[in-house]
Amino acid sequence: MTIDLEALYIDLHRHPELSFQETRTAGVITRELEALGLEFVEGLGKTGVATVIRNGDGPVVWLRADMDALPVPEQTGLDYASTARGTDPAGLDVPVMHACGHDMHVTAMLGALERLAATRAEWSGTIVAVFQPAEEYGAGAQAMIADGVLDRFPRPDVVLGQHLTPLPAGVIGVRPGTQMAASDGLTVTLLGRGGHGSRPHSTIDPVVMAAATVMRLQTVVSREIDPREMGVVTVGSIHAGLKNNIIPAEAKLELSLRYPDEEARTNILGRVERIIRAEAQASGAEEAPIITVDHSLPPTINDRAATARLTAAFDAAFGDGTVVDPGMFTGSEDVSWFAREAGVPLVYWFWGGVDPQMYADAVSAGTVEKDIPTNHSPFFAPVLHPTIERGVDALVVATREFLEEVSA
Amino acid sequence: MTIDLEALYIDLHRHPELSFQETRTAGVITRELEALGLEFVEGLGKTGVATVIRNGDGPVVWLRADMDALPVPEQTGLDYASTARGTDPAGLDVPVMHACGHDMHVTAMLGALERLAATRAEWSGTIVAVFQPAEEYGAGAQAMIADGVLDRFPRPDVVLGQHLTPLPAGVIGVRPGTQMAASDGLTVTLLGRGGHGSRPHSTIDPVVMAAATVMRLQTVVSREIDPREMGVVTVGSIHAGLKNNIIPAEAKLELSLRYPDEEARTNILGRVERIIRAEAQASGAEEAPIITVDHSLPPTINDRAATARLTAAFDAAFGDGTVVDPGMFTGSEDVSWFAREAGVPLVYWFWGGVDPQMYADAVSAGTVEKDIPTNHSPFFAPVLHPTIERGVDALVVATREFLEEVSA
Amino acid sequence: MTIDLEALYIDLHRHPELSFQETRTAGVITRELEALGLEFVEGLGKTGVATVIRNGDGPVVWLRADMDALPVPEQTGLDYASTARGTDPAGLDVPVMHACGHDMHVTAMLGALERLAATRAEWSGTIVAVFQPAEEYGAGAQAMIADGVLDRFPRPDVVLGQHLTPLPAGVIGVRPGTQMAASDGLTVTLLGRGGHGSRPHSTIDPVVMAAATVMRLQTVVSREIDPREMGVVTVGSIHAGLKNNIIPAEAKLELSLRYPDEEARTNILGRVERIIRAEAQASGAEEAPIITVDHSLPPTINDRAATARLTAAFDAAFGDGTVVDPGMFTGSEDVSWFAREAGVPLVYWFWGGVDPQMYADAVSAGTVEKDIPTNHSPFFAPVLHPTIERGVDALVVATREFLEEVSA
Amino acid sequence: MTIDLEALYIDLHRHPELSFQETRTAGVITRELEALGLEFVEGLGKTGVATVIRNGDGPVVWLRADMDALPVPEQTGLDYASTARGTDPAGLDVPVMHACGHDMHVTAMLGALERLAATRAEWSGTIVAVFQPAEEYGAGAQAMIADGVLDRFPRPDVVLGQHLTPLPAGVIGVRPGTQMAASDGLTVTLLGRGGHGSRPHSTIDPVVMAAATVMRLQTVVSREIDPREMGVVTVGSIHAGLKNNIIPAEAKLELSLRYPDEEARTNILGRVERIIRAEAQASGAEEAPIITVDHSLPPTINDRAATARLTAAFDAAFGDGTVVDPGMFTGSEDVSWFAREAGVPLVYWFWGGVDPQMYADAVSAGTVEKDIPTNHSPFFAPVLHPTIERGVDALVVATREFLEEVSA
């Protein structure tokens, strides 16, 4: 192995970049691709990179890794913890952290490409590797497609991808059918009337309007969704006002909705909008709230046949018990746009990054939810080994499963 | 009159500055004081200025004008509307506006000083004029006192001040006894546990904690304060989270409390703290909220004898019907610190800045609350005349009332 | 004195009756009136009684006492505590208690009538005494007027009345102008859709609708009424559902609104209705809530001249310091209908029933609100003496003040 | 068939009885058992009845039907709609309705017993049929067990039962594993301090405390339970106050919790209690709320082997497509206590009672949730045919499957 993957990971972790701003990350990637002698295109979907290894006849396998980080203040206490800051879309200066493991995704992908390139004699077909920006905005995959990535590279026969998750390092989680939820991201502006903090009666207080709205939105999940069906309504951000003694004129909410399918989407969106509008009326608002759907992600559905094939390959490579069914995840992904647009199967799996002993202890103590930091937590910190190795191996095994083997 | 007060006002209005950052404003003031040939000290309480006119034996009358502006985005549509921005204590870039009329306070004070200086032959005594910073933080008066303003200038026999208000231009409002409420400014940090927006069960959602807290805080006024007693609990700002799909780790609230006296303060603070702590417990928070009282303003109490004297002087000067009892205001002021520290009477009055016809129309239509922008509103826009003139005249009449007259 | 007033009071206290059901109470009253040889009419406004003492020329003074008790479970621990029960308008079997002191009102009135009848030689004029039912429903005065009480008896020149209150026994409280608030009583039915407790998604949960409505109604007082103006929105009862595992189809709320005048009424009713309707919409209710105003009481306004006259008479009779200004009360009364309908002055005063030592101790300890049970409390328990005597004396002094004195 | 099952059903439907008050129902049952010549014991668990058909060697099959009705006001508009009333445990007079179909359960059971008794020649073994009271209180099964039903009758080898459900008539729904949720029924008394409706500041308002509690309880499901896991927190009843102008001293809530297993129970109960206690603290309550768990039902878990056997028997008897997997139900049952106590397998299935055309139309229109009344709805109204017949047939087929067949 030429690339020092540990050093590469640490470097990426120390230099996280927000969505559509992954220029340094893209630079690291293209430097390594150049070193590997691979053909690539950069600037796809603003900051994305795609590369191809053409190696004779055979299937075209697309691999996808996402690159962006999050506005999270790292609290892992690691030597190589991020102290980076960035400017978010609202112009705010924010802390930035690879709190979702995309640094590991990039690392494993580069490791896998090196291995696959070095073993060209053993397989036949074409590999396209896509380094995607802005997964966290749910916008990067569509941006790369809009930039023609599906036309500028051989079209896929199958799309593969993997995501780091708080399972024990070494373990792989995948399930046929719906693997991840669908989701929408909404921005809501509640319009009140500002004034002096001591004269509430001359205002329409948007802080109270926002609070009542947040409380009422809880009832979508608690009362309106079948208890047996997955549904999430998260208000991830709330912002209003600049000073204790000024009642502001408006409040901004950002919502994340999660649901299993298109029918559920219609219902959940309708309920959320109904509540937001009615709560503004309860406040006596003179203008209706402004509700915009910023992005909308389809469910991530693993092709059943391809998943079965992959599971068997993982079992063969890593031993029985390596692959678990992690259940459906309530998180969402835009990876499936590549497969949907191309009309081909997708398999998207998870691999663990938690120290196995720590995980086992937490299971014994019944404290997994509490003690094991999840993606997006400021404490999210995968162990380096065997996480890196398993990530590389999984990608290689999966890719080879869908290429043609060349017998010696 | 040497000073062009309209031009001065418009210049100040165009260049508002946040609390403790009033350096340009202080520069304008000292330029005018120099032009008037008056002795002054600058840098008192960081950016404050005080000046003195010594003119023989007699009482020492202190006049006070405040200088700071607010983080409000001006929406008056005026030619001279502010487009200024500033950096607030949290480091945020914010719009800034003279939404409370302090630009008019400074203008009227400079006009009055010019007139009083020009009429030295008619009176005997000492005038100290204080240009105070950071009234909006409730911190400027104490900062100037801490810098020795009461010792570096002749101590007052009476402290006078005036504030622009949405009464018709020409009208003066003043009442004996409690003229303005006492208040506290609080900052509250609610501590939750962050995580992925799709996994609320692994978090302690501070947005919901904040919303429940805001809703519950309404009950302090609605259920716990005697309906006949004044009380306000305003949550002027609420901030949590940066992204729809990340549940943040904490939420910040800024509160403004208003109440008539010290006993009410104990009660209202106790109730607010009780609710904030209990709502954190309802959320299962692992750490108690952090509650800090940022400032605390006493009630503004007008000395009864001095107020009666002043009212008579205003009636004599401006005609009966000019002075009205505006009732107690729920707003608060730090002007009374000067009188409290010196142990002398205070009179603090209001003067109107609304076009009288517009005011009369709103009264007829019963839409005063709705149509007449109040202090701190982005639409707050006094008419220039006769507001400037009445402000100057009121200060001159009031000051002369407490000085000794020199008969020709 | 023929009537044993202590025994009479204890008998009435032991046998409280709900509004419009005061038949036993009316029987006690007519028995005493007969014993006094007075002319009376019963069954006025269902259970009311009125009597007249005609005694030559002179003013006609109306005195009014109310008779009804409340659905409150007495917890005073008194020997003569009520264990009575009654049937409320909803058909519910409820505990009944004289928790508002109307038993004392009747006792003092009978005592005063006996005294006034016995001293006919000293005065000239006409006394009409009205024993009114259903004050607690705000309906009794109008019911008696509808039954012609103003036509069947000499019309008043002045209307007088008194109410027991938690002031020290001996003290009288009265103020000119608005003495008690105006109020409305509302019934609200929230319409949802019932179903199985385990299937909330197939229902429209009226319990959650009611809870959200109650929380939002707090903001009428906390945000929409000028902090310096009196306003109360109380949800005094909430009822929905019969069983933990059935989501009911509807919820019932009973509201009491308090406000100072007619303009405030329009505002507060409008806000309450706006919130109730919007919260039903937030729930996705298919039918709008049913809102009915059950009764509406005007403010109780004491005639300024008559009150000054009365205050002087009390001072003369009982010594300076007996009469205090108790401030405006947030409670409401229907007594003023008699004066409004007749177009004559009203004076309505309060007299204390609390042990003076207990009151003084609570004042010292700052625990008046907590330690002194108020009207409507299950612990409301006036001391018998001098409460009875002062009640009789006050009525006699007040009546004589407005009659003509006959010099010996 | 001797018994007129339609007439029997209509009679039972017209005469519903609340839990533990099913005396008339028990009388109808014993009358029919006597007519069938069957041995029985009554008064088991207060009002329960059990009967046995001993018929040679072979397995002992227990069949269970529940008998009680609900405090629901029937709104079906049927000729035979209930107008019955009953007295609930709180002493309240309430409407009563068979809104859960237990009248159909009894009808089908009697029909099946008649058929099984008439076909004794074809099978060998023992049948015990249990008519259980008070399923709706979750208390009847344990009451019968406490009265020795498991010892006074041959102990079961298998326990079978069925429940009417809003599936199309003819359809049977059953699934292996967890068929119905576990649940708890809680009563909560929130302790405040009562007083006059116009003086909220002298009270601790339990109505607001209750409303805040209900709103906060929504967050248990919306924020604290994994979105992929079933959980329900229903506040099925809320009661406080008797009059708009009295703030009551306490409020009563009844809660129904639903969850899949014992671990979930610990979590959900802990969260509910935490919120209830904290909200009382937020109100400044001087006494902690009183929380009692009235009953606790285990999950209803269908034995996998027995369910497979039954499904095959139903398929054979009724044709493929008759049996569907209805998913896990969020409702709960106490039927499993019989199997748990005896340590034997349970199979509990559902059968449909909805007009198939109406059901098909609702499916087409996407309005099943809205148009098809569910159990506990005031509109719950099974079609008589083929509901009765399928109920009888299903019980007979199931029972015969677990008995020994006797070849002719």
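Order of writing sets the labels: A, B, C and D. Residues in every chain begin at 1.
The criterion applied here is as follows: a residue touches a chain if its C-beta (ideal position, glycine included) is under 8 Å from a C-beta of that chain, and two chains touch if they have at least 3 such contacts.
Quantities reported herein were computed from a predicted structural model and do not represent experimental measurements.
In summary, the chains found to touch both subunit A and subunit B are C, D.
By number of C-beta pairs in contact, C-D leads over the other of A-D and C-D. Relative to the C-alpha centre of subunit A, the farthest chain centre belongs to C.
Centre-to-centre, using mean CA coordinates, subunit A is 65 Å away from subunit C. Subunit A and subunit D have CA centres that are 44 Å apart. Subunit C and subunit D have Cα centroids lying 48 Å from one another. Listed for subunit A are residues 198-201, 205, 208, 212, 215, 218-219, 222-223, 227, 232, 258, 330, each touching two or more other chains. Of all residues in subunit D, only 70-72, 88, 91-94, 99, 136, 181, 183, 185-187, 194-202, 205, 207-208, 210-215, 218, 232, 234-249, 251, 254-256, 258, 294, 329-332, 369-370, 374-378 touch subunit C in the complex they form.
Every residue of subunit B that touches subunit C in the complex is listed here, in rising order: 215, 218-223, 227-228, 230-233, 258, 327-328, 330. Listing the residues of subunit A that touch subunit C in their complex gives 198-201, 203, 205, 208, 212, 215-216, 219, 222-227, 271, 274-275, 277-279, 281-284.
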